[in-house]
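So, here's a batch of structures to check.
The same chain A turns up in both complexes below, where it pairs with chain B and then with chain C.
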Partner chain A sequence: MSALVDLILGIVTSIGGFVEVGSISTAAQAGSEFGFQLLWAIAIATVMLALLVEMSGRLAAVSKDSLAAAVRERFGIHFQLVPLTAELLIDILLLAAEIGGAAIAIQLLTGVGFQWWIVPVGGSVWLILWLCGFGLIEYGIGLLGLITLAFVISAWQLQPNVGHLGGSLLPTLPTHHFTRYAFLAVSIVGATVSPYLLNFYSSGTVEEKVTESELWVNRTTAYVGICFGGVVSMGVLVTSAMVLEPQHILVDSYEQAALMFVPVFKRWAITLFALALGVGCFGAAVEITLNAGYVFAQVFGWSWGANRPRRDAARFTFAFTLVLLAALALSLVRFDPLRLTMLSVALTVVIMPAVVLPFLVLMNDENYVKTHTSGAIGNGLLAALTILGCLLALVVIPLEIFGG
Partner chain B sequence: MDLVRDMLDKKVVDRNGREMGRVDSIILRVDAAAPPSVLAFELGPAVLAARVRPLWGRWVAALEHGFGVDEGRPVRIPFTDILHVHNHIKIDVAFGETPAATIEQRLRRWIAAIPRSS
Partner chain C sequence: MGIARHKDMVEHSRKRFCLISMAIAAVGFTCGACVRQEARIQEHQEKLESLGSTTAAIGRAWLGGDTSGTFTRTALEQTFLLVEQERSALADSPQTLLDPRAAHLSQAAEGLSRLLALTINDVDAADSGSVRRRLTEIPIMPSARR
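And now, the complex of A and B:
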């Protein structure tokens, strides 16, 4: 019974926690500029994320070690320094973008400029982390995040042509602006396969004391929850494609993206969009901040855990506080949250090979996963992901310059 | 035992199971007349940084000195203090009694001053 409750909660939180600033902005831009044509990118990115999340959970459930800890032990500090530094930098950029996204959501609701909301949002993130345990943080964020299902409801109400939707799940070449199209495709992958998600998930598995006998829960949560989460992201793209593209509205700010809800939700459109954006961004901000503490503590071998009293994990608490302060400082400099988001998702793609490659080794090392090593299909998919990650990392910077 | 695979970078816990850090370097005794032997291992950000670049190690050591947390660091644990090596290394010392706990204890004093920290 407990496993079933865990499974349902896990799936619900995966759906509710899927959409955040990166996925909303990339999917909204893709829909407004290329209609349904980039749905395939969301589908591929979602499958990639589901595979990696399942492996992160399996690794943590069997070895009782998080991903960051396993990489330090298996590959040593010389290897880990590169992804660690890059991930930290990206986490700070992404955290600043999430805080900015949540602040803009409050601006949409109140009319008061978003700069005034940055410090209160950052303070609220810290308070949540100070006062709540892991379960409350994860499930609370996931359940509140169900408001993002408004994107799916909106897409459903707009009655898109099912044939066109199905056809868009296969990659096709655009008729115009090829570099922009390729840039958005790569950015969708970067926004979906965020490195913080992988370590956050594995750390959660350790915090929740998931055992080998519950690996089926991990597998089902990862595949079903993440795939339904991908449907929410597709809802953003479809709504944007059906509402914004015909009117030639390009998404270069969140205020414009909010217009996508008008045909379905009428006078509640801005409120609902703001709530979906705000909850999605705030939840992601909490998770990124917590994950920063996890990464530092796990790499350096400190005591850690959101379920521990904060004074008993002092360096862990100090580390996530410091990262939050760094992101807040960046947020307070006048910046465009949408541009910051696109920059951070592009950088995520750059480090993708260093994120994916360790899985290929760890998931075949019996010291970590015992008898639960990856089979031929799992290894084949991982190898394909690694090659794809390398290719995307090579092209993302030129695409950012010419198509971003 | 394969020192690099089984010891270097492994998590170190004290006799009560409290996390102390990771094995950041290993001290060997090299003697022409005998095979090399392991004397101790070290914990601490300065030795970890020195492993990557010696200059970085000096910078981190200077930083620790600047914050006044350098006394007794890096912490050297004799090989004879190891209780067992599994997926972590358990040693026969108490974390709070070693300089490895200096920063944790200092931060804990600040954190304890904030309501609902325990």
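And now, the complex of A and C:
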């Protein structure tokens, strides 16, 4: 019974926690510029994320080690410094973007400039991490995040052509703006497969003391929950393609993106969009901050855990506070939250091999996963997609920034 | 004698080859610059058309009672900022503005900025008649091209 409850809660939180600033921005831009044509990128990224999350849960349940701790142990601190530094830099950028996204959501509701909300949002993130345990953080955020199902309802109500939707799940080349198309495809992958999610999920598995006998719960949660989460992300793209593309509105601001809800939700459109954006971003900000504490503590061998009293894990608390302060400082510099988001999610794909490839090695090491090693097809597919994505990102990011 | 003449011919061919290569490179560079300039103007046009369409969508949503005055004002102000960014990006070099299409776009952007400022004022005054009229005067809207 307890396993069933865990399963349901796990699936619900995976759905509710899927959409955040990166997925909303990338999917909204992709829909407004290329219609349904980039749905395949969300589908591929969702499959990649489901495979990786299942693996990270399996690693943690069998070895009782989180991903960062296992990489540190298997490859040593000198190797670990590369993915650690890369991940922390991206996490700070992403955290600044999430805080900016939550602040923009409040701006949409109140009309008061988003810069005024950055410090209160950051303070609230810290307060939640100070006061709440892991279960409350994970399930609370996941349940509140169900508001993002509004994107699916909206896409459903707009009655898209099912044949066109199905056809868009296969990759095709665009008729115009090839660089932009490739950049958006890379950004969608980066927004979906955030490296922080892998360590966060494995740390959560350790925190919740999941055992080897509960691997089926982990597998079902990862596959079902994340695939439904992918559907929410597709809902953003489809709504944007159905509402904004016919009006030739390119999404350059969240105010433009919010207009996608108007035909379906009318008076509630802006409130619902702001709540979906705000809850998604705030939840992701809490998770990224907590994960920063996890990564530091696990790599340097400090005591860690959201369920521990803070005084028993002082260095862990200090680490996540420091990362939050760094992101807040970045957020307070005058910046365009949408551009920062797009840049950080695209850069995520560049660092992905440094995180994913060592992880794949661990998943074939019986010292860590015993008999539960990964199959050759899954490993090969993930390694190929990761490297391909990285190479594509290295080409299209400079072209997008400096003009192609 | 024969060897010296052969050397001269080789030297002459080399010079000719260099000259032709430089000419091709110069033509290629000029064409590349023209294509880049054309692409840049096209990009600005699409952005400005999108912002014109955004203005219309925000206005229609407000007139239909779907959005509050607070959101409408914020959204129009944000659109105004984006138009101004596009306008300054368009005018960042004198060469660009020499192009008649770019010059026309710059004027349309200025007109759109002014219209946005007036519309914000009308929304503040809750003057729906005036907002409705302004929406028919948006100086740049998407063509059927895309």
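Before moving on, here are some points about what is shown:
In this text, the second predicted complex is superposed on the first by the 383 of 404 C-alpha atoms of A that agree within 3 Å, B and C clash if a C-alpha of one lies under 4 Å from a C-alpha of the other, contacts with A are read in each partner's own complex, and residues count from 1 in each chain.
Going forward, a residue touches a chain if its C-beta (ideal position, glycine included) is under 8 Å from a C-beta of that chain, and two chains touch if they have at least 3 such contacts.
Keep in mind that this is a model prediction, so the values were computed, not measured.
Superposition of the two complexes onto chain A shows chain B and chain C fitting side by side, with no clash.
Look at A:267: by the touch rule set out above, it reaches chain C but stays clear of chain B. After superposition on the shared chain, chain A has more residues touched by B, the comparison being chain B against chain C. In the superposed model, A:73 lies in contact with chain B only, and not with chain C. Once the two complexes are overlaid on the shared chain, A:360 sits clear of chain B and of chain C alike. In the superposition on chain A, A:315 makes contact with chain B only, while chain C stays out of contact range. Put simply, chain B and chain C get as close as 39 Å, counting only Cα atoms, in the superposed view.
With the contact threshold set out at the top, not one residue of chain A is in contact with chain B in one structure and with chain C in the other. Interface residues of chain C, counted against chain A in their complex, comprise 36, 40, 46-47, 49-51, 53-54, 56-58, 61, 64-68, 70-71, 73-75, 78-79, 82, 142, 146. Here chain B touches chain A in the complex through residues 4, 8-12, 18-22, 24, 43, 45, 48, 51-52, 87, 103-105, 107-108, 110-112, 114, 116-118, going by the rule given at the top.
Interface residues of chain A, counted against chain C in their complex, comprise 107-108, 110-111, 247-250, 252-253, 255-256, 258-259, 262, 266-267, 269-270, 403. Here chain A touches chain B in the complex through residues 63-65, 69, 72-73, 76-78, 81, 130-131, 300-304, 309-312, 314-315, 317-318, going by the rule given at the top.
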